[in-house]
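Have a look at this one.
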């Protein structure tokens, strides 16, 4: 008897788990990982080489970091019913700023390669982040104070931003030679890529803000009903401004990671189409583009799904011309399985099964 | 269902018969084995407390929500309506609770969409607009029907919703609290029309919380309580007190409803003072003085600018002429946030778009203004939030399974109570209540009025706006009367009755 | 009013790569030198924008129109309009497919297919006498773009008769460093130690791949042979560092030839229908010697 | 195109109807830009330059019209660029490699476009998925399909096709292409649909408040699926005209056209929150994007990056002016919380005419007086 009640409790807990909004995104991620495993037996293998962990999973984590940062920044924006399509351009601007400021030359002194940066690295990093923040403030001003529609307000920077980035780099790909800078995007800390810690930090910060300040409540309220939020005394404009500013900042950080990882800044291609992937990540994580409730962890899972998918197409030998079709199919499948209709079907199935016994 | 109250003899065959209707929402058993009959040529009023299940019964009937059990017969035929579309096709016209129209479409379109007059394959706008204007004129409403609906106040919108339902001949007309923000006058107009329709044999299902209206128009009353059928009665068999008793399940002193409640002794210091205040395009030259411990009623007709006054005082519309002073010091409200910092709270009349935040829980809705007042960083711990929410849920009798239910899922009246709780939680010095009793049942109305008066006794200042003039007269210490967005006079309450107010509105100077 | 100054309308594709930027730079600077008034427009990588630009040059009545078509097809209607307006057209960088050859006057540019063959031939040369199998990982350019298609086909043409060579993995890196690095990373994991050669469709992807190879603890240029295209500055530096084995040149410096041809055309003098740019293959051994004279 | 004023007497209030204001402002700004170009650049002020705006943007107009309907219904369709590309690809393949006739291929691809739109609509409506995601998936799918068909571009040499593509209608010594005629027909039909058909009004109703529309007994589900079908159809028609324009099929055609179409729609005054929008506005939006581009080519001195910055800056100046003028001329300052004009839940936008024309809401004498 004890046993039956036990399994009953477990089943109930299982059902509750299955109903959790993050369950399906997580399931999709796991399914993709398993698919990889089927093609590549070493997929889950992680080996330790001189203190660093190596393996496909680590690669995916590392690669997903910039996207995760951008998507995390995008999440509150989307929660306020907005959207920021300029993040890709902001990534490029920030990368260009950092690269131009650091640049650096290689001198060969007595046969030893030494590197010098143009300005101290910390200055360059701060400048790049500052530029990202500025871009975000610009977007936020247009949306909150001028009252433009978010997509068009950010479209302006999306178009002009790449121009600005190319202006900074004079249309060239600026190669960075300053070794310490590479740590950001390619370095390791305690065996894991440094970028992963950055994502964790940003996630932690957001998490703290959402749980220990009223920010989460206010953002959700604004997203659901901006007018009523105003009547309740929430300063919707200020919060909207901050949200866009943060989005710009995190895109700036992602720009640093990307430029550091490829040791160069490419005004035209850095972060190209990243806005779409970021929005996709947010939505795959269960946040509605209509504003309102949002999930940071969901966004993170969404970013991981996208990166895993990319990795999968590369590693299991999908021909390049089929990449997009595969991506589309995965998006459709993940969305449809998450839809209420399918959920209901599944639940009804289970109910009749249990009832039948 | 109360088996011991036999249903009165039927005059004919019911056109609509709902039997054994059962409906559960997660956590709420909204309808329990309910039976309902509607006969041709009658006005049948559905009564019950907030959350009793009236709207749900209607939505089950029109196919918005599928019933869990039960059957519906229309003119003897069993039907399965799966969507409002199907209900319309079956000859059922419905005005749902709250205005459910499209704010962006013109008034005329809102009335006729779905049945546009066509000429040569295209919508005949001229005919459409003329027909709409005529129809509204029949309800004594003369407005520009080509303007978008959302340029009109909520009361006009409600009239438009009614006009839409009347615009086509139907077998059954359902009106779910259509009169909640209408003046006495419009209500009478509506009733005239309803009586004509009734005479033509239409079956009308009516929901209201106003007893006078119930007794003014109905032939038959069905009472729901807690999702169960309490009974079906002919209106002449059911005295008011019994009706209330059946709705609420306990005795209520109806007399107190009609007594002037305010006693003038409590008034204290002037809290808010408006001098020649105005907002371009809105109210002008407003002189108003609101004292602590006093209820100031605002009298006026539909569109007289009462809501605009409230918006002005709350910083929604900036005050761009004249000045406001709080506690003797000049104040400048750039946004509601500023007003809230000065201790002012505002329950807006348009609960759906300006009040509730539908997807947030009852708890979050209740603490929202308090939190906004405290600012971003002094976040109320969850425990405090629950404590506050639970306290008000209990105090105001908000009917909800728990504090975590999205407020949008509560019945209309309970949403209103939660909004009141939102402002009471901020511990305000002054409250602006714009139609606070809209859609609230008799018992709750009494409770809310009691709460309001209790607050004034503790020194709160209240600006009270209601389209029920009787209510204004009863609770106010003073009444300021507006006409055409200007204040035309002020009356001390207690000594005056509704007549005096109407006289002032109509043009007699004080 | 400056009646005698030649007006040249030049519709550039975009600024999507270093190569393209160098190309633009070359056209601009040589126009200045040659005293030609240049009307420049950037089509942001969209063919329709290029067509719009050409149409507006016709409306502006420029003397000569030049443009770099990224795609061969789709030019006929607008070229007909140009012809009707009696404005001569010069193609740079790439030819177009039209039913009527008289729609353009001359074509100056390189041949991606030939470049692909050169890359293939270098490989065949490099592995002369070695017994296979030789596994190639290909980093393609943007799917559907002309250089990607032709550099791929050129390679196939050369190696299909040689069964030692085998392309074991092929993916698009979109001509970018980040793309090249990411794809290579995945290849290195899924094809662990098999890859002998990386065949990258441009230097940028090759540089990205080199980074990935290094981070995996291998030596690019030695453990894995790197074949690439364009011979840009970055490519040369990689070659001088011994990390890239060969870069097949694809010269963007078409400006001087273009100005010369434009002047001839405007003066009504005959010009050759096809002007081939001089391009070579730079193996890493020659890189250091050639580097100082490189302009891009 | 404003339907509502066909009624009754003429009045001053009508002339400056606040709903027409955004359109008028957009038109005025367009004229301003065109005027600036005419003054600043030789050869700019000519009929042909003006007509070129139509020739070069006919396909964009068609696509944007479809997009406008979707946006008015409160959705978004990102797949249009992909649908255009795949249409060019399928048309070119069938005509060039399979030698089918133009008259067979065109209806076929139009049908496929509509079908694909319907597919997306069904996913959105019946599976309750977000339009953004579904159509983004649609974009990936359609672009991907192009490359599965052929990664190279296919030139069309079919004589019927080329002669149609190169046919020019003369107007006062200048000319327009067949595409322009198709686009104008689409435009006219769209105006009829939007303002003179029940279908169109239901789209507006859904955008205004979907739940209310449902409760009003309107065919919400069917209309929503049809809106995406319509957008798919327009995108396919845009693809057909694009094929005429380019005489080729290619997977990289019409890159980023979804954003251009969206920008044109939004610039034209359509709100992404749904319920508000004008087909004519979309036409102006397309024209404005075209004029910005034309200005830049006529200038001819901007480098690649300055080109981008200039486009962004012009777009910005335009949008900010539009907002400021609108706000200024509606006279009334925004209330302190009206987030942005016309947000779905906006409080009743109180308009100035009510004040200036005097109250037109008259009431009977109150009871008992």
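Brief remarks follow.
A, B, C and D are the chain letters, set down in written order, and residue numbers restart from 1 in every chain.
Here, contacts are C-beta pairs under 8 Å (C-beta built on N, C-alpha and C of every residue); 3 or more make two chains touch, one makes a residue touch a chain.
Please read all numbers here as calculations on a predicted model, not as lab measurements.
Minimum number of contact steps separating chain A from chain D: 1.
Centroid to centroid, with C-alpha atoms defining each point, chain A and chain B lie 45 Å apart. Computed from the mean C-alpha positions, the centre of chain B lies at a distance of 71 Å from the centre of chain C. The distance from the centre of chain A to the centre of chain C, each centre being the mean of the chain's C-alpha atoms, comes to 33 Å.
Taking the mean of the C-alpha atoms as each chain's centre, chain B and chain D sit 40 Å apart. Residue numbers of chain A whose C-beta contacts span two or more other chains: 166, 171, 225, 227-231, 321, 323.
Residues of chain B in contact with at least two other chains: 316, 335-336, 353-354. Counting partner chains per residue, chain D has residues 147, 151, 303-305, 307-308, 336-337, 345-347 touching two or more of them. Every pair of chains in contact is given here: A-B, A-C, A-D, B-D, C-D. Chain contact summary for the complex, chain A toward chain B: residues 212-215, 217-218, 220-221, 224-225, 227-235, 292-293.
Every residue of chain B that touches chain D in the complex is listed here, in rising order: 64, 83-85, 87-88, 94, 96, 100-106, 108-109, 113-114, 116, 122-123, 125-126, 128-130, 140-144, 146-148, 150-154, 156, 164, 183-185, 188-189, 280-282, 301-303, 311, 315-318, 320, 334-336, 350, 353-354, 484, 498-499, 502-503, 505-506.
Residues 81, 85, 142-143, 146-153, 155-167, 171, 222, 225-231, 236, 267, 276, 279-280, 283-284, 288-290, 321-329, 331-332, 335-336, 339-342 of chain A are the ones touching chain D in the complex.
Considering their complex, residues 14-18, 21, 24-25, 140, 143-144, 169-172, 174-179, 181-183, 185-187, 189-190, 192, 204, 207-208, 211, 215, 217, 234, 237 of chain C touch chain A.
In the complex of the two chains, the chain A residues touching chain C come out as 39-40, 42, 49, 55-56, 59, 63, 166, 170-173, 175, 186, 258, 261-264, 266, 268-270, 272, 310-311, 313-317, 319-321, 323.
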